[in-house]
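A, B, C, D and E label the chains in the order they appear, each numbered from 1.
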Amino acid sequence: MNALIISAVWGVVLMFAGILLQRKAAVRMVAIAGMLLLLAVNVLEINGTILFNVDTKGMIYFDRFALLFNTVAILSTLIYFLLSARDMEKVGINYAEYFALIFFIVCGICLVTSFKSLLILFLGIEIVSIPLYILTGSDKKNLKSNEASLKYFLLGSFSTGLMLMGIALMYGATGTFDTRFTPGVSMQPSALLIAGMLLLLFSMSFKASLAPFHFWTPDVYDGAPTVFTSFMATIVKAAVFIGFIRLFGDAFGLMQPQWKLFVAIITVATLFIGNITAVFQQSVKRMLAYSSIAQAGFMMLSLFAMNAEAKEGLLLYTIAYCFATIGIFAVLIKLKDHTFSGFNGFARYQPLLAATTTIFLLSLAGIPLTAGFLSKFYMLKATLAASNDLWLVIFAVLMAAISVYYYFRVIQAMYFKEGEDSKIEVSPAFKWTLVILAVLVIVFGIFPNLLFSWFYF
Amino acid sequence: MPINYYIFLSIALFCIGIVGVLTRRNAIIIFMCIELMLNAVNLLLVAFSKMHHLKAAVANAATTVGTDGQLFVFFIMVVAAAEVSVGLAIIVMMYRNIHSVDVNFLNRLKH
Amino acid sequence: MGITQLLFWFLSVVALFSALMVISSKNPVYSVLWLIVTFFSISGHYILLNAQFLAIVNIIVYAGAIMVLFLFVIMLMNLNKETEPQKNRWLKMAGAVAGGCLLLVLVAALKDTNIKQQQALVNEGSIGLIRNLGKELFTTYVVPFEISSVLFLSAMVGAVVIGKKE
Amino acid sequence: MQNALQIVYLIPLLPLIGFLINGLGRKYLSKSLISIIGSGVILGSFILSIWVFLQVRGGNTADVHYFDFIHVDKLRIPFAFKIDQLSSLFLLIITGVGFLIHLYSTSYMKEEKTEHFGRYFSYLNLFVFSMLLLVMSANFVIMFIGWEGVGLCSYLLIGYWFRNQEYNKAANKAFIMNRIGDLAFLIAIFWLINKLGTVSYSEVFTVTNLSKLKPSDITAITLLLFVGATGKSAQIPLYTWLPDAMAGPTPVSALIHAATMVTAGIYMIARSNLLYSMSPVTMDIVAYIGLATALLAATIALKQNDIKKVLAYSTVSQLGFMFLALGCGAYTAAVFHVMTHAFFKALLFLGSGSVIHAMGGEQDIRNMGGLSKKLKITYLTFLIGCIAIAGIPPFSGFFSKDAILLSAFIKSPLLYGVALFAALLTAFYMFRLLFITFTGKFRGTHEQEHHLHESPAAMTIPLIILAVLAIIGGFVGIPEVFMHGGDKLGEFLSPVIAEHSEHIVSHSTEYMLMGLSTVLVIIMIIFAWTRFKNYSQRAEETGLGKVLENKWYVDELYDKIIVNPLHRFGGFLKNIMETKVIDGAVNGFGRIVNYGSRQLRLLQSGQVGSYVLLMVLSMVVFFVVQFFLRK
Amino acid sequence: MIAVLLILLPLLTGLLTFFFRNDKAVRSWALFSSSLTALVSVLGLTLMKDAKYLQFSCEWMPALGSSFSVQLDGMGQLLCLLNAIAYPLVILATWNNSYKRSNNFFALMLLAQAGMMGVFLATDALLFYFFWELALIPMYFLCSQWGGEKRIAVTFKFFIYTFVGSLLMLIGILFIQSKTADHSFSMQAFYDSRLEPQDQQWIFWLFFVAFAIKMPVFPLHTWQPDTYEQAPTATTMILSGVMVKMGVFGMLRWLFPVLPFAAFQWADFITPLSLIGALYASLIAIRQDDLKRLVAYSSIAHIGLICAAAFAQNYSGFQGLMIQMFNHGINIIGMWIVVEITERQMGTRKISELGGIAQKAPWLAAMLVIVALANIALPLTNAFPGEFLMFNGIFSSVTNYNIWFTVLAGLGIILGAIYTLNMIRKVFYGEMNPLTQGVKDISLNEKLALGAIVAMIFVLGVYPQYMLNVCGQAADALTQKFDFVRQSLLEGNR
């Protein structure tokens, strides 16, 4: 609750900051301070001190899982600010508003991770989406940005329509919007309920960019200003997954036989399309878009497994994925040329950045000693524990092997290809943040206990 | 009224909306079709709310069961309004740049 | 065949017909007008279901505000002539067919649900009245109500960010 | 009490030391020093061998165990020596003849550069070491070690002049052909281990253990061992390497490819005579193969013009005789022939070496002739050698060969007949060689004639000693018919070799056979004399002669049916199988992924309409699956 | 403590090496640290045999049921020793090669060593997997940074190939772990997990493919010749000398004891496969004109033989291949050193362009001949006892075709003799050509390295018993597993 309210409030604060403060650095400071505050209050809430006592009539419930995820999300956003906040200046003049919107998105994320009523889910998803439409289009002179935002908007509201229809049907079947409707209904689920569930599955898949509802992702991620791509490809996507797993855990927990098959199909399709298509990309940005689809496919395994391990794993996965991707994007933003050849000879001129980028890429590829490996490992473990059909696991693993192909292309470009120095200047602070991030990725990869000691829920 | 009628009616409207989205290429009209879909949902919700209310009213005449459905419709309208403001803004921005609202011209980003 | 039935059928036919006109008429302005017709018929349905509040809101917000906004925009871009070039007709066909399939499938799926005998209470019941709704909204649903303010805020900011000239 | 024979390890150790010194110090030592060390160590082990021999005569045999070479659970392979009649006898032959040849080499190899001189002697010592290991070993594995060791040394020595690729090819050929044999030997060893769990002679050749073996096993093992022997001892089908091995320096040919190494096969079979006696099938095969080899080689030798090639083929054919003897169960006779053959063949080779030395490297006898005047000693000793090999009493060859023929006669008169024929051929081609080389008039170039000279003492002395041995060597095995208990050798070896072929032939027949062979041999010699006493250049050989000159085209045959196909197959694998098929499959997978990627990204058409369409269609599919396909 | 040191030493020194600047210092440092590691491993073999030195275990990921537990047992000890002494030799032999950014080069080399050590030591499946990859990653960078002109593509193939294998293995590990009693990754738990035979049947392949790719066994070998050809020679030495053994080791440590039934039942399929692979490789080697590729293929042939011996699944076979792993490592490194010297001096690897080197470089030739003869397992060289026992194992394996398998394997050694001797003949004997005129004999550091190798060749060839004693226990344990399997199958039939 703390984070929810304060993020909303801080959004407003930033809107005023935009008017009152002239210097952009000051605005940035306010934003970063806000994130720190959010982090603090959220950690406080984990430890049981709730600042605002609001009776939500059981529509919102912050359990440990939600809070932990919120912490992760806020932390990632903080890191994201530290690394890339400076680069938002280049996007447009409404510097403060961007921050405000991001804070609103965080507010929405808090809703999506902790809803107990479909109404809240709906509102949360919308609060997340609408600012994203805007951030996508925020580079107003850039046709790609415009196009991306329009596409995103049209397809997004279309999927909202689907979701609402699903909710309506469910309401018809159960007579309530509460996700904890009586299991008596779900014993012999009516056609209405199933249809509603499927529609929700579709719309959530859309938001999480899972095949075959992923088509908006590459275009939007590619067209949006890279700064914001970084944000929406990581934290937002992860949040949607938490909402996803909540919805299917709470509402449809007893209907697994009905949806397991579809989740499996979607997972396979996502892994396949994401990985295979990424192979042939020429632009790293677009490759990362596809890779985010592929990673989503892996996260989907947690939904398939739907057990405690899966939840832990999803959190770990979020951390690994967000950290690595944010790091890579932060470097990518600095580069002029977003194609693979843009990285040629990078290691020669920016050894430190190259090294950290390599670590992030290895983590994404799921190489041991990085958090990425453990998270994938967890997903596979959870899936195996949940069901005995290995074909899914083996498929996922083969796809992971393919993913190595495109991630390592970047490494090859950086280390083994000659290229001219793309004169980029980075602040020491940036460097050190990046290094710390890389170290975190490694540490979580070797001593996951540091996290698991939190994770008891 | 049998609830099925409402279900079919709203599904029909919903699908008409989808068909509109599929067949038209004017961004504004596509957006209008989406609004149509939302309205179909609204209708359905109201119908369901009345249905549940009827079910509950048998036991107790003064029940308020079903209000939530109608309130949800209210919220949908709120959101729809918000979406419209943003959406139209985006479309206008688009129009400023390429002087067209034809979605077929949205093909810089592909593959 | 009471009056309500008649009204129901009439409104349904109007709604469907106007909806079809929305997607089929060449001229955007006509589409908008047809959509307004649809909304009115839906509002009629609301009244039929004794949900007066929603009926009014529907007319004010949708037909009144939103549709007018659309109309403005269209006028602004003077798209009011039949400019829209024909989409590739195969794609059109495919779209229509796909939508039709979806309709068929859904109808077939939902035609005999366990609630198909149940009735939707028509032209009586008081939950649709503004008093009940208001009470509910500001007691139980106050939190979502407040949250939706955040939504509006972001939408507003967004509209400004996008719309403002640089 | 500590057995006096403990110190036999010195016998192989000395040559090893010599090898190390000469090998490592070949850059720094002087030739004389090298020759002293090289021959000295052999002399040392020769003296030791004599001492050992006397010990054994005194009935003091022993299994000397040093350490466990390999010991994995039940299988225990000790590094141990077996000193008994057989091995001690071979010790004498090897070290004795070996020493003489070392001595001979000191002057024969004078012209070599010092380091190559050192290399030569180190190889020679190494060879003696391995050979000693072979004969002294107390189990098959250690024997195998020596077995491969001698193969290695012969490889090194054949390729001694490594600048000449032909020689190197010959060396490779020798090694690889030996390897083929060795493989069979190895498998036999595994078979023994598998069945008996041991490889020590003292444990294998016990009634209890042998009775454990099924006849089929015995046949298999003996046959495999025999295949091994054919490799080492140049029998059909693996004999072709030996003639090529003449690429090495002549003393090497004398030592390795005549006197010692090639007899390893005979030693091995004699060693395991108990096994062989239990498998008549193998015995027959051995006999026939031996006989065939003897005959074939003899026929080839008829038409060879390279002095060393003739001797080489005669060696092959003599080895054939020995195997015949083994096949007839006359192990003693075989060993006896090994001994005598060692004497006179070494003598002949060294003699030929002397000739070549005198001719300044010329080996083709057609360019020689009338050398008897210039090279008196060489001529005489060579003559003795020829008489010995031809088997004229009382020269050594007579007794051994006669024993073989007799055993053949006992087995079957047919065998005897063919063997006798081969023996006659032997006499013929040997004297052909002798006459063409030493009689008539000189046919070489002028400077060669000018260059002619008798070899130095270091070369002639060994010749003389060997000549004497070639004469008297036979008296250790005088047949019963002449002198009761004359067969000293038989008695001596009786403990190790169970001679089962009893003398069932009457003395009269035996006399008759001897007479017959002797007379025929003499006739042959005279015939050869008439044909070749003043030989002159002949026209190209034709018909059978040509076939013989080309060694029945056996090498060409092997190339055709084995070497070339193998080569071509290898090429096929390298160029087609590896690159196209297997690696192609691997890369193909990558290509498929790439192609799929290129196709799949076309799905991302950039059109909102098509996106929605795809979404709707997949929705429809999902609904259909859920509501109409799943039950 | 020894066990931990063996991992930590190269790991830490390796990480430190990144920060060196001066080239000479880097080399000396690398040599020093690797010699230290060698010393430690020797210590573990001689003075500190006691279990308390050779074992270490502490909590790592309790949540996952995985612990950081390492142990130095017989087979591991040999391979650790190999790994430890290989490095000083390699560094010494390639002392004069110049690398740009040599600090990174040696750092990565040492990291790879740490990884391999870990593989040989780990007694926890997850830990094993970690090290398995840790050994691979530095190799990837080494090869594609300092390799030949086609390095990037080739190395990448190598990486993906191996990575696919190890991922499959990961699934296998996970599956077995989910079947263990206490859901732990510890080796003991794995050994005690009595999987259903029909489960074993296919889990077996998840593991075997991974190991087969690593070894490599025909037909999964095609990455190997290219990689060996393209990689920098020092790396190639490590790859073929030590890393290849990871596959065999993994098989013996993690596959056979865990899935004995499957291992037993697939033996009749895999043995001929690997033997055919050995022949196949030898035949190709006969036709090779490239020195490096020739050695590479000969290595494939040897590994094929080792794999076959492993699937003989009896005491003799296990003992043989255990010491053979060590000896083959030594010999192949020797081969590479010679090849490397030749290439560096002549600037070509084409056998057809070389010849007569022996005249100018007798030492080089002598060393080569010795190493080559060891490579074809001549008696009294170190390879003989190993191959002898392996053959014996194959011959006495429990199958109807044991004789034929032995014959196949035997053909292998004949072919081995053919290509090895031909190589010697063409490269070192014969007349010199203008190219080889300029050859110089080997320098001191190379003499030292090769001398050490030759010394080992002979010592271990004359007295192999020591090695056999070291790994006897491990072989015994494995054999008992399979005796048990055969027993139970017999009873099953009855």
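Note that in this section a residue touches a chain if its C-beta (ideal position, glycine included) is under 8 Å from a C-beta of that chain, and two chains touch if they have at least 3 such contacts.
Everything numeric here is computed off the predicted structure, so don't read it as measured data.
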- [ ] Based on which chains touch which, give the shortest step count from subunit B to subunit D.
- [x] 1
Open item on the list: Under the document's definition of touching, what chains do subunit C and subunit D have as common neighbours?
Closed with: A, B
Task: Maximum inter-chain contact count - chain pair - done: B-C
Task: subunit B and subunit E, separation of their C-alpha mean positions in angstrom - done: 67
Open item on the list: For subunit B versus subunit C, what separation do you get between their C-alpha means, in angstrom?
Closed with: 5
Open item on the list: Please tell me the distance, in whole Å, between the geometric centres of subunit A and subunit C computed from their C-alpha atoms.
Closed with: 32
Task: Geometric centre distance via CA averages, subunit B-subunit A, whole Å - done: 27
Open item on the list: Please output the residue numbers of subunit E that touch at least 2 other chains, ranges allowed.
Closed with: none
Task: Residues of subunit C whose C-beta touches two or more other chains - done: 87, 91, 94-95, 98-99, 102, 106, 109-110, 113, 115, 140-141, 144, 148, 151, 155, 158, 162
- [ ] Any chance you could list the residues of subunit B touching two or more other chains?
- [x] 3, 7, 17-18, 21-22, 25, 30-31, 48-49, 51, 55, 65, 68, 75, 79, 82-83, 86, 90-91, 93, 103-104, 106, 108-110
Task: Inter-chain touch pairs (all) - done: A-B, A-C, A-D, A-E, B-C, B-D, C-D, D-E
- [ ] Could you pull out which subunit B residues touch subunit D in their complex?
- [x] 18, 21-22, 25, 30, 103-104, 106-111
TODO: Note which residues of subunit A are touching subunit E in the complex, please.
DONE: 312, 362, 367-369, 373, 377, 380-381, 384-385, 390, 393-394, 397-398, 400-401, 404-405, 408, 412, 415-417, 447-449, 452, 455
Task: List of subunit D residues in touch with subunit B within their complex - done: 601-602, 604-609, 612-613, 616
Task: Footprint of subunit A on subunit B - complex, ascending - done: 3, 7, 10, 14, 17, 21, 27, 30-31, 34, 37-38, 40-41, 44-45, 48-49, 51-52, 55, 65, 68-69, 72, 75-76, 79, 82-83, 86-87, 90-91, 93-94, 97-98, 103, 106, 108-110
Open item on the list: Taking the touch rule as given, give the residues of subunit D at its contact with subunit A in the complex, in rising order.
Closed with: 593-594, 596-598, 600-601, 603-604, 606, 608, 611-612, 614-615, 618-619, 622-623, 625-627, 630
